[in-house]
Amino acid sequence: MTPIQRRSDVPFFLVMGGISSCFVILIVLLLAADIAFTSFADFRSAMAKPEIQSSIRLTVLSCSVSAILAVLVAVPLAYLLSRFRFPGRVIIDTLVDIPLVLPPLVLGLSLLILFHLPLGHSQWELESWLREDVGFPVTYRWPAIVLAQFTVACAFAIRTMGVTFDQINPRSEDVARTLGCTRMQAFTQVALPQAGRGVVAAFTIAWARALGEFGPILVFAGATRMRTEVLSTSVWLEFSVGDLDSAVAISLLMVLIAIAVLLALRGLGTLRLGVAASPGARSR
Amino acid sequence: MTPIQRRSDVPFFLVMGGISSCFVILIVLLLAADIAFTSFADFRSAMAKPEIQSSIRLTVLSCSVSAILAVLVAVPLAYLLSRFRFPGRVIIDTLVDIPLVLPPLVLGLSLLILFHLPLGHSQWELESWLREDVGFPVTYRWPAIVLAQFTVACAFAIRTMGVTFDQINPRSEDVARTLGCTRMQAFTQVALPQAGRGVVAAFTIAWARALGEFGPILVFAGATRMRTEVLSTSVWLEFSVGDLDSAVAISLLMVLIAIAVLLALRGLGTLRLGVAASPGARSR
Amino acid sequence: MIRLSEITIEAGDFSLANLSLEIQPREYVVLMGKTGCGKTSLLEILCGLRKPTSGSVWIGGTDVTHYSPGDRQIGYVPQDLALFPTMSVAEHLEFAWKVRGASRKHITAQRERTAEMLAITHLLDRPVHGLSGGEAQRVALGRALALEPAVLLLDEPLSALDEQTRDEMLALLLSVKDATHVTTLHVTHHSGEAARLADRCLRIENGCLVEQ
Amino acid sequence: MIRLSEITIEAGDFSLANLSLEIQPREYVVLMGKTGCGKTSLLEILCGLRKPTSGSVWIGGTDVTHYSPGDRQIGYVPQDLALFPTMSVAEHLEFAWKVRGASRKHITAQRERTAEMLAITHLLDRPVHGLSGGEAQRVALGRALALEPAVLLLDEPLSALDEQTRDEMLALLLSVKDATHVTTLHVTHHSGEAARLADRCLRIENGCLVEQ
Amino acid sequence: RSESARDHTPSGLGTGNSPITIYCAASNQAVMEAIVADYRRQRGGNVFVNYGPSQGLLSQIEVSRTGDLFLPADDSYLHMAQRRGLISEMFPIGTMRAVVIVQRGNPKAIHSFDDLLRDDVRWVQANPEAAAIGRITELTWQRLGLSKAAEAATAAYRGNVTEAAADVVIGSADAAIVYDCMEHNYPGLDIVELPELKTAVSQFGVGLLSTSRHPAAAKQFVDYVTSPEHGLVRYREYGFHELPNDRPLTNP
């Protein structure tokens, strides 16, 4: 037997940590630059404005609604794409990436066009129908914000859930079906619990993305104070009047809100899913 | 024995497919609205402009560079976050989401501030140092585009890789280590191949996101024709001179490029990883 | 009760052609054969996880060849166990009844009964992560037994047990066989096991099913 | 060669206190015990996948308690096999040499030799997905044997094999034992296996290691 | 009080009190907020202001065909809207002139166009395709034959005038070409009037959308904005210039 030699894992951690820290340092520097640029007074005065307060409320609400919707749609879609081979699968798989690719301006414009394109001879138009017959106007109102956020957030949620389901071994769903499950039960009772961390991650990413969303909202929902003003709009409005400090202060506020929400989600995730959802060292 | 009854899986596919199709239909409608708005002639005339041609080149190049960088950084960072519990882990885990949260405008501003914040008494400034001493100006040049794209794309890639590694059972890495692997070898030879689909997905999402990136590029790199003009900038410039048709035509061009790249990636993914990377029905 | 007629299995290079098999209600059949001869594949065709290239599968007088696994009223203990990583042991034992929408009371009663039978009551609150090989195997067995299914398919269900526990489980399987109307197909490598349990013993040899 | 001194294991409710054990070079020790008594845990402490609460582990005269598994020069066949899902059977057999940077020629030679020994040459090109239980078990055995390690830890390595194949593998393990200097700790539930292989047979009983 | 009493008389659709929507360029945001607040206080009228970049607003109007008034950054957008039949009437408000904005105290001593060409001066201007100010400065450079020099010396073309000004605030540029009215928004910066840019003047005004459902209410708000006692006071306060004489906007 060759004498036992101990190889160090330090190079591993150095290389991996070194590469990783590039990005972490970049972000810390970005935040530091922002903090250096603004002051606590800016922060407080921004917080005091009634527009900002109503904007915070609308933001948290709309982000939550669109993130929930995004996950609700993403989970079944990603599951179907991951588990079944059907004609048109590749097409759908490619289509769902399109909201990521479209420049924000065009995405907003497309939504606007979609809701206002007169169809046929009767000049039927989705928005007028919604406004006059259903009583639920979308364009330039809060539903437009949610829809704009949803479109992008959902694309990300689908990708996240797709990776999740791809990595979950379909074997336990199969075995569940031998025990009397329908496909639906195998999905809800076996696959979904295993995807717990993925769902949390998808929700997180959808929420964060919805929070940062700006271009499509500006075009599709407009920027009317107290009505379609979310925090990213507020930032832009402050920036437009030359109040950079305040714009940066509001962004930092967004970062704080996001951190609070993300930590809460993470806590919730660990609490609810516990160690069970992580593939354990000896689980089969 | 109760007589065998056959339960239909049709409701499952109806419900899942129904929910999923919401999103697919939305996207198809968006594209349809865009297509209805433009014409093939617009498309051809847009393609003929030398600005657009140089913009296509710069876009494909910068997206590829930033997506590669993003994946290179995301893989080790996500692996560390998923496999190790260390002090500050939660902080880093939250920090990496910040680029998603910051509104595009602010992200661009933050980068700009970071590169131009005078430090200390000497008024040392990153950008002047880079420009004068290193000879590598960033602000308003193509490196600014790559950096802006990288920052956002990397955040998405990290989340995608995070979900991937979370779902991979660390058991096989452990067993690999009993066979003489260092942590580095267990990572490169056992974990990474299993994460194959995740890497492809992360690259896809990073590439697509970089392509759609606009706000931060506009702020950090400017909109100088033929120099810092990527396709999303072109769209916006065309739009700004009131040429909506051309703007929409270029967006559709972006969609086409994206589809080509995504399909190529997907093909590559299936080719290289094959069935092996998917957790098989009977693999252990 | 179970009838395979002219089943052909193909997977990669492996194939088994024209297998036919009939098992009477309440019969306990043990299936043996060299490693890689297709025992697991046969069970998976019975429970619907694998589609035969040709031939048909009958359970209880119904042609279930194209039925989904969930509609075949079987209990299956797979060789790789395939426990559900997010569930506790208790949830495993409750699973089959829960998906059938049984009453809470019934579910609890069945769970307790099964856990006691298999001597895993002390494990009920544990997640499956961390179970020892033998414990995991008994959980997989309990998950299938809890339902008292009409047909039981066991794929080396006792291979990870020490001799004493194996004897206890053998006795348990015998008592289940006597107490319920279950029809069982049991794959094993252990000739002692086969001798004690089998009403009839089959082997797969050179691609054919032969009686012993 | 292997020395455990005053090892204490704790996992959840389970604990084993003050285990001590010494295995001489080239000795073949079989470890038995009731299911859930801690055999796998003991092996995992030896190979470094589990940290003992207290006590120390010595291999070849070195205190390896805090060494990473990769530095302990062992071959481990885990009970759950834990094959690498992305690799072919051939890659499994090559793995241990590849990570040690052996020459391509040596790797190929070792692979062919091991595959022949275990009668899995026909499987070399197959992905592990789709292997039968017994085939997978032999691949896991081959992955550990290929290296000709100084210490071999086997956790029920023959449980999924039919009797004939098991006999062949027993003979193989005996020949490996005679041909190389390997020190082996072998967990099994099969007393016949123990009788044929063991230089010494240990049992975990009531939390203590006893000789049989 | 009497005015407001008149406004509160019960009225049907399309008169005094109906809420109106105005599409307003982000450059007019500060002053418009003040005016709307005044209007609400004094007249009790309800005005929703939708801010955005001028071209973005124009597309919103074109696609959605809703809203009542359009107040873009300069009158070129009004003319464009008129050509597309989106506007029925235009009302001039004031003018803005292109100037150079520099750091407080003008540390780089920029006083003329030649100073912008110096090696140690990094300056930016708005993209002529994207922003009104970019267009008028570009026209001015062309008229003076400075186009080439200007382009070569420009560190970057910015998306809009606000970004250009922000560059000076952040320090990524020493100077930027902006509208003189922006001095009000950036009290920390100084304005330098270049002799070359004397003639680079934009006019701006508000247009009544042909799709307006409340033209009467909209007209009433326009009257308020263009009234020398109300709106124009605010405009002056926020650094805009009135029209030299009371001439209407010229059609090109």
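Letters are used for the chains, namely A, B, C, D and E, taken in the order the chains are written, and counting of residues starts over at 1 for each.
One rule holds for everything that comes next: contacts are C-beta pairs under 8 Å (C-beta built on N, C-alpha and C of every residue); 3 or more make two chains touch, one makes a residue touch a chain.
Note that the structure is predicted; figures quoted are calculated from it, not measured.
Student: From chain D, what is the lowest number of touch steps before chain E is reached?
Tutor: Minimal hop count between chain D and chain E: 2.
Student: Of all chain pairs, which one counts the most C-beta contacts?
Tutor: A-B
Student: What's the chain with its C-alpha centre farthest out from chain C?
Tutor: Following the centroid criterion, the farthest chain would be E.
Student: Test of understanding: which option in B-D, A-C or B-C shares over half of the contact pairs of A-D, residue numbers taken as the match?
Tutor: Duplicate interface of A-D: B-C.
Student: Which integer distance in Å separates the CA centroid of chain B from that of chain C?
Tutor: For chain B versus chain C, the centre distance works out to 46 Å.
Student: If you average the CA atoms of chain B and of chain D, how far apart do the two points sit, in angstrom?
Tutor: Computed value for the inter-centroid distance: 44 Å.
Student: Express in whole angstrom the distance between the two chain centres, defined as the mean CA positions of chain B and chain E.
Tutor: 37
Student: If you average the CA atoms of chain C and of chain E, how many Å lie between those two points?
Tutor: The separation of the two C-alpha centroids amounts to 79 Å.
Student: Among all residues of chain C, which ones touch two or more of the remaining chains?
Tutor: 49, 68, 70, 72-73, 80, 130
Student: Specify, in ascending order, the residues of chain A that touch 2 or more different other chains.
Tutor: 7, 9, 37, 105, 109, 113, 171, 174, 182-183, 236, 239, 244, 279-284
Student: Any chance you could list the residues of chain E touching two or more other chains?
Tutor: Expected reply: 56, 59, 166, 170.
Student: Which chains touch which?
Tutor: A-B, A-C, A-D, A-E, B-C, B-D, B-E, C-D
Student: Of all residues in chain D, which touch chain B in the complex?
Tutor: Touch residues, chain D against chain B: 47-49, 68-70, 72-76, 78, 80-88, 95-96, 98-100, 127-131, 136, 143-144, 147.
Student: Can you list the chain C residues touching chain D in their complex?
Tutor: Spelled out, the residues of chain C in touch with chain D are 11-12, 32-36, 39-40, 79-80, 126, 130, 132-135, 138, 155-156, 159-166, 189-191.
Student: So in the complex, which bits of chain B are touching chain C?
Tutor: Those residues of chain B that touch chain C are 1-7, 9, 281-282, 284.
Student: State the interface residues of chain B toward chain A in the complex, per the touch definition above.
Tutor: Within the complex, chain B touches chain A at residues 7, 9, 11-13, 15-17, 19-20, 22-24, 26-31, 33-34, 36-37, 72-74, 76-77, 79-80, 90, 92-107, 109-111, 113-114, 117, 151, 154, 156, 158-160, 162-164, 166-171, 174, 182-184, 187, 197-198, 201-202, 204-205, 208-209, 211-212, 214-215, 231-232, 235-236, 239, 244, 247-248, 251, 254-255, 258-259, 262-263, 266, 278-284.
Student: Flag every residue of chain A that touches chain E in the complex, lowest number first.
Tutor: So the residues of chain A in touch with chain E come to 37, 105, 109, 112-113, 115-116, 127, 139-140, 218-219, 222-225, 227-228, 236-237, 239-244.
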